[in-house]
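Taking it in order: structure first as structure tokens, then the write-up.
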Amino acid sequence: MRARNLWIGGLLSAVFVVAALVSLIWVPYDVTALDIANKIKGPSGAHWLGTDHFGRDILSMIMVGARTSIAVALVAVGIGMGIGVPLGLAAAARKGSLLDELIMRGNDLVFAFPSLLIAIMITAVFGASALNAIIAIGIFNIPVFARLTRSGALSLWTRDYVMAARVSGKGAARISVEHILPNVLNLLTVQGTIQFSLGILAEAGLSYVGLGAQPPIPSWGRMLADSQTMISFAPHMALFPGLAILLTVLGLNLMGDGLRDLLDPKLRRARA
Amino acid sequence: KSDIVVAMQLEPPHLDPTSAAAGAIDSVLYSNVFEGLTRFGSDGSVNPGLAASWEISEDGTVYTFHLNEGVKFHDGSAMDAEDVKFSLDRARAEDSANAQKALFKGITDVTVVDPMTVKVTLDGPNGNFLFNMAWGDAVIVAPESIENIKTNPVGTGAFKFTNWVQGDKIDLEKNADYWGTPAKLDKVTFKFISDPTAAFAAVMAEDVNAFVGFPAPENLPQFEADARFQVLVGSTEGETILSTNNKMPPFDNVKVREAVAHAIDRQAIIDGAMFGYGTPIGTHFAPHNPDYVDLTGMSAYDPDLSKKLLAEAGFPDGFKTTLKLPPPSYARRGGEIIAAQLRAVGIETEISNLEWAQWLEQVFRGKDFGLTIVSHTEPFDIGIYARPDYYFQYDNPAFQQLMTDLNATTDPAKRSEILKEAQTMIAKDYVNGYLFELAFPTVANAKIKGLWKDAPTQATDLTAVYWED
Amino acid sequence: MLRYFLKRLVSLGLSLVVASGVIFLALEVVPGDPAAYMLGINAQEDTLAALREELGLNGSVWARYAGWVGGLLTGDFGVSYTYRTPVAEMIGERLWISLPLALYALTLSTAIAFPAGIWAASKRGSAVDVSVMGVTQLGVAIPNFWFAMLMVLVFAINLRWFSAGGFPGWDTGFFVAMKSLTLPAVALALPQASILARVMRSSLLDTLSEDFIRTARAKGLSQRQALWRHALRNALIPVLTIIGLQFSFLLAGAIIIENVFFLPGLGRLVFQSISARDLIVVESVVMLLVFAVIVVNFAVDMAYAVVDPRLRGRR
Amino acid sequence: MSLLVIDRLSLEIHGAPILKGVSLSVSAGQVVGVIGESGSGKSMTAFAAMQLLPYGSVCSGRIDLGGREVLALSEANLCKMRGRDVGMVFQEPMTALNPIKTIGEQVAETILIHEDVTRAEAMERAAEALRRAELPQDRFPLSRYPHELSGGQRQRVVIAMAIALRPKLLIADEPTTALDVTTQAQILKLLRRLVDEEGMGLLLISHDLAVVADMADEIVIMRKGEVVESGPADWLLRNMQHPYSKALLAASTHQPDRSAEEQHDVLLDVREVVRDYTIHRKGWWGGMETFRAVKGVSFQLRKGESLGLVGESGCGKSTLTRAILGLEEIQGGEIRAFGVPVGRDFPNALRSGIQVVFQDPYSSFNPRWKVARLVAEPFHLMSQRPDDWRDRVAKVLQDVGLEPEAMDRYIHEFSGGQRQRIAIARALILRPEIVILDEAVSALDVSIRAQILDLLAKLQGEYGLSYLFISHDLSVVRSITDRVMVMKSGEIVEQGETAAVFDAPQHEYTKQLIAAAPVLPADVTGGERHDRPEPVV
């Protein structure tokens, strides 16, 4: 059951990663070339998933859109980890100190802000673009990783091997890097997968309200937004990008679950 | 059935037509609740409104308006010459927040002759004055209701304002004491549905009886095919243009602008962005206007010519520029198509989608743009080309002279001649890319009669609307 | 306990102060002029200046911040730039949709999630468990606006069981009003219910593997009895946290869904206000939402103490 | 009459064989002790009798409980049986109780489940059961929550729950392992009393031979899922046949060979050390409050000496250790090592002279490092890692009895005993003069413990090390130390020559401690049996 999750999830995610990679060198049709005469055609031999309202090939759009989604989500998670993990490590290393308190209250504060509103505000300041979507999603990833790292690190700080490292004269920073970080990596991998899938959902949501990647770069969320008014007579335009989001997120979540089972011995034991 | 739910996309920010640019205010209130001295007819003609008749002095600078008898505001007070004077003075005052202050620019004095007569003096003859007085920004308001006008508008129209659920709807009811032909409906509800999908769903589910300015042209064929509905596709005063920053290199070169014009396939844009709704234009003028000249031939789709022109202008490999798009779908969709068409001749555009506030800030006021798409919906607005500081920065003294002449001219034939020359001049200068005249689709229950088809101004005049049994 | 309570209260207050500063500053740098937006493209400079003066946009940053915060404290949220009505009144009106919608969605989501999570946990590994987990995986992965679109297509346009959106007002009667909130509530509740069900299940499974469950079983309680009497309340803590988070999210995060169903709720108010640069409305609504989140979290923390006696005496 | 007969019981979990033909029986008024090393299947045997086995278990054989075939009973009937006919007490009193229900509710539940009585009546009887478990109502009202009780008191609540319906059989799975010796003695005495007074049968599981020898009428010795030997306690202890049993006995009484060295200069001088913790006080208006974990402790450790520190859990042993290692600030007094005060400015060169070995061989190592790197970690104290560090690691691994090949393996590839050797290797790599051993053998099985103690003795002889040996296990301390200190609530109440302190304790607390420690009969160990005062409850 566990391994199955990992396999199905991995396979689904791989399909989209491969599609994104392939799109770098080849797509069935150029997604920037419009073909108004062939607009809104259902799936056919020439266009497997049909064409959109500008006559672009939906399959090609989904492939390139995968690239956008994956890139945005990946970088956003990267930002979250890059900032959140050091903060979490620092907070744990100085547990109970002013620094810890500041970091944790800061986290609470970010959590308290409605994320979509902040994204809207960020784009109101800097304009809509994939970069700003990344920043908006990234900001909200920071407290997630900071908290997770801190709680994971706190339990590690009570381990005897940390005590042994201190007896060896190592400072908090060094211990955090050498002992704590490698041992919270499992936790981070699992959460990273989940945040990645949430990032894809968030990117879709932002693009859907027009705040994500700008045309002509295809993005799944914008494909849905574009298809919205046509759903009653051209359902294929909404169906395929929607399914692409659904399946990718599903795949990543399944993979996250599978990874958790694989990497987290505590859960493995509890479930045995 | 004597009540109706009419939906539209935009909600008025507040209910004072004389202190905001929002067309949505007029859409709800113009001629339904508020009336001016003159009023627009459904064909765009200027007809008597609160003024039953008027005389114009020989030199064209003094207008004497005779008001209709028995006109009452909704609060019961009588409308008289004092109210007219108040309204016009308020609009042209120093601290006035009227969005179209230019309409009142020439007025030097407003005098009450007697309760039913008012005299307006201009600083010079103005051929547009009666037209100007028909605008929503020139409606007559009462001084005693001015305090709360933004939330409780009190006018003289055939409907009275009753209720506003912000974010949702505005209710009007029939004004029993109306001075003119009374309305046929007892109750009117305006509902605001900004999302096009929601708009489609609301009409389909018959949650609303009519949708004026239906935002998604792609859905119109479905309504047309459905016997429950009628679809009226009217004309508007909205010239949709590819505005070009005439001061920004390389667009300061007329060859480049001409190249852009020939790179654009209007029909593809109308088909792709508007699903076929819209009339191609070749200049900044409404095609339904009798003075319109069809100049589309001057900027026919010819990518090869376009490339040649670019090469002549010194850009054989094209260039890069920005394309800033405001929210409406004509701009967003049209922008994508134009970007693709320009790319075909070597012009790379970087698209950025902006909110209105950003567009106003960056494009309109900041003039920080290469290209943009926008529909100029003000009626009869070719005069903007005479303003060198206007955002597309067209500075041509010859054209400015034409407009001065036009304002001073009252003779219809002469005016027509000047207008035609003006149209041709801007088309020749390829000031902007002229795309199409915005269509105005209204979807309504098949049994509703008396709706305006065209939109000569942003108004939803419901005074003559009724349900057919 | 009181001390703990007071301490939390102080940190709550501090958070609010910081939040107000952040919000104000963020909006301070938002480019765009509300006056220009209102007056449109034919406006003249002097008109603009007059309007800016009228809206009070010309004061110093500090004065405006002080004015705003001072107003908030006295319950005066200021007057909307565009609507020219008191912001408090507008928020009040919108809350009457957003709050019931959030509660409705939350009720739905708990009503689905609790039984599903408990059922799956109690039948771990069975077909029931596998299918509940499968369905919730889908529920988590589905973009809710897409789901909403599909629901409108099916239930409003094709089947015409529900209206496609809009809100007829509470004066049309409770059931009519609730009916119009049903599709949006379902669209909001589905992903939330999925998450909640998963948390419920895993939390229950964790608790079920605790020693005291074995003790209870050794007393002669059946698996079911042990689950209901001992595991459930203990498993509730992480579930409560999630419910708290979800409530705040539902209150603020329904923007997209409010748009799909054209509900005049809080989310849409902010969305519109930002594009109109009606900053005073944005500031106050965001502040209110942040306040709600912080207060809900506070309430959740206090609720822990009800569930868990260990927290009553401590810290 | 036999209450419980287990006959050729075999058990598989997910296909893995766990128990292989286990047989034993318990009669009324009899205590049957089950002993064996960790993982030998003791707990699984007990769970099988209750049919509370983990998910995926398959049983075969026969379990007869009061004349009924347990393996054939339906789940409903099993529920009726559990708690009424058999009660069970588990190892971990801290987690065995539901934290959010009062003890009254939890005890009464046993009654409510099985008998049709009113809640009030059930509470009445719960109070009675608690009283029998020595938790009188006046001091421990029914409305208490588990977190308001100490470990020993919680264990009594669990016992009260198990005996509330006066079951004929009580199964206790290591009921005292998590408790202090003194508390352990009290709980064991309570169990004994219940058996004697109420004629219950008791199946007592333990890994401590002394506990079993003290309590049991019958002893069953298990290993790897099998019973290797069983019989009446007195007889079996003296007539063991199976090599494993013999080894177990030998290890339990092991005495490492120690070549006592001359005792010279003072390496470590601890004077009036005070350590305060700030804690949050309970209650509505509770403020900050300091808790004094170490209250003015003084002692000296000389070169080549082995100094023991005993005392019950929480008395401050580990806190003191951390203070000596310079890991925590002290609030009073002074610690000097090699004549220099320990603290922030303690030079690294001297710091390398004090190393430490911790209790838990599992958590002492970063699971992601290889052994070579783990053992070499203290080189950090030197200005730079010596070039021959790998040779030195190999050497020290050999010293502790491991092959140098161990260097390139990860820690999870070693057994508990081997890990503790690696921990010792890490402590020795810098050739320290002082090694602090904080419960260094407590987590190990007796046989492995014996090996480690031998190793420590040998290393002390070879390198002239000084040990500060911390343990709560008196027999271990007795076997390896020259001098011993007894600590209670942060204070040293008695110190002196080990033999003197153990044979003639002066302080009341020391007496209690020694009396409480279970000891094998003298004729079994071959040594003389000490006179033991009655444990004080």
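By letter and in written order, the chains are A, B, C and D; residue numbering begins at 1 in each of them.
In the analysis below, a residue touches a chain if its C-beta (ideal position, glycine included) is under 8 Å from a C-beta of that chain, and two chains touch if they have at least 3 such contacts.
Everything numeric here is computed off the predicted structure, so don't read it as measured data.
If you average the CA atoms of chain A and of chain C, how far apart do the two points sit, in angstrom?
Centre separation, chain A to chain C: 22 Å.
State, to the nearest whole Å, the distance from the C-alpha centre of chain B to the C-alpha centre of chain C.
One centre to the other, that is 40 Å.
If you average the Cα atoms of chain A and of chain D to get two centres, how far apart are those centres in Å?
47
State, to the nearest whole Å, the distance from the C-alpha centre of chain A to the C-alpha centre of chain B.
Roughly 44 Å, centre to centre.
Give me the residues of chain D that touch two or more other chains.
Counting only residues that touch two or more other chains, chain D contributes 55.
Which chain C residues reach two or more other chains?
In chain C, residues 31-32, 125, 149, 157, 259, 274-275 touch at least two other chains, as defined above.
By residue number and range, which residues of chain B touch two or more other chains?
197, 204, 327, 355, 357-358
Line, ring, star, complete or other: which describes how these chains touch one another?
Looks like something else, not a line, ring, star or complete graph.
What chain pairs are in touch here?
Between chains, contact exists in these pairs: A-B, A-C, A-D, B-C, C-D.
Help me check something: in the complex, which residues belonging to chain C touch chain A?
11, 14-15, 18-19, 22, 26-27, 29-32, 125, 130, 137-138, 140-143, 145-146, 149-150, 153, 157, 205-206, 209, 245, 248-249, 252-253, 255-256, 259, 267, 270-271, 274-275, 282, 286, 289-290, 293-294, 297
Under the definition above, what is the set of chain D residues touching chain A in their complex?
These residues of chain D touch chain A: 14, 54-56, 322, 325, 327, 348, 351, 354-356, 358-360, 363-368, 374, 377-381, 423, 426.
Enumerate the contact residues on chain A facing chain C in the complex.
Residues 1, 105, 108-109, 111-117, 120-121, 124-125, 197, 201, 204-205, 208-209, 221, 224, 228, 231-232, 235, 238, 242, 245-247, 249-250, 253-254, 270-271 of chain A touch chain C in their complex.
Sort out for me which residues of chain A touch chain D in the complex.
Contact set of chain A toward chain D: 159-161, 163-170, 178-179, 182-183, 272.
Okay, in this complex, where on chain B does chain A touch?
196-197, 200, 204, 216, 218-219, 221-222, 268, 271-272, 327, 332-333, 335-337, 339-340, 343, 351-355, 357-358
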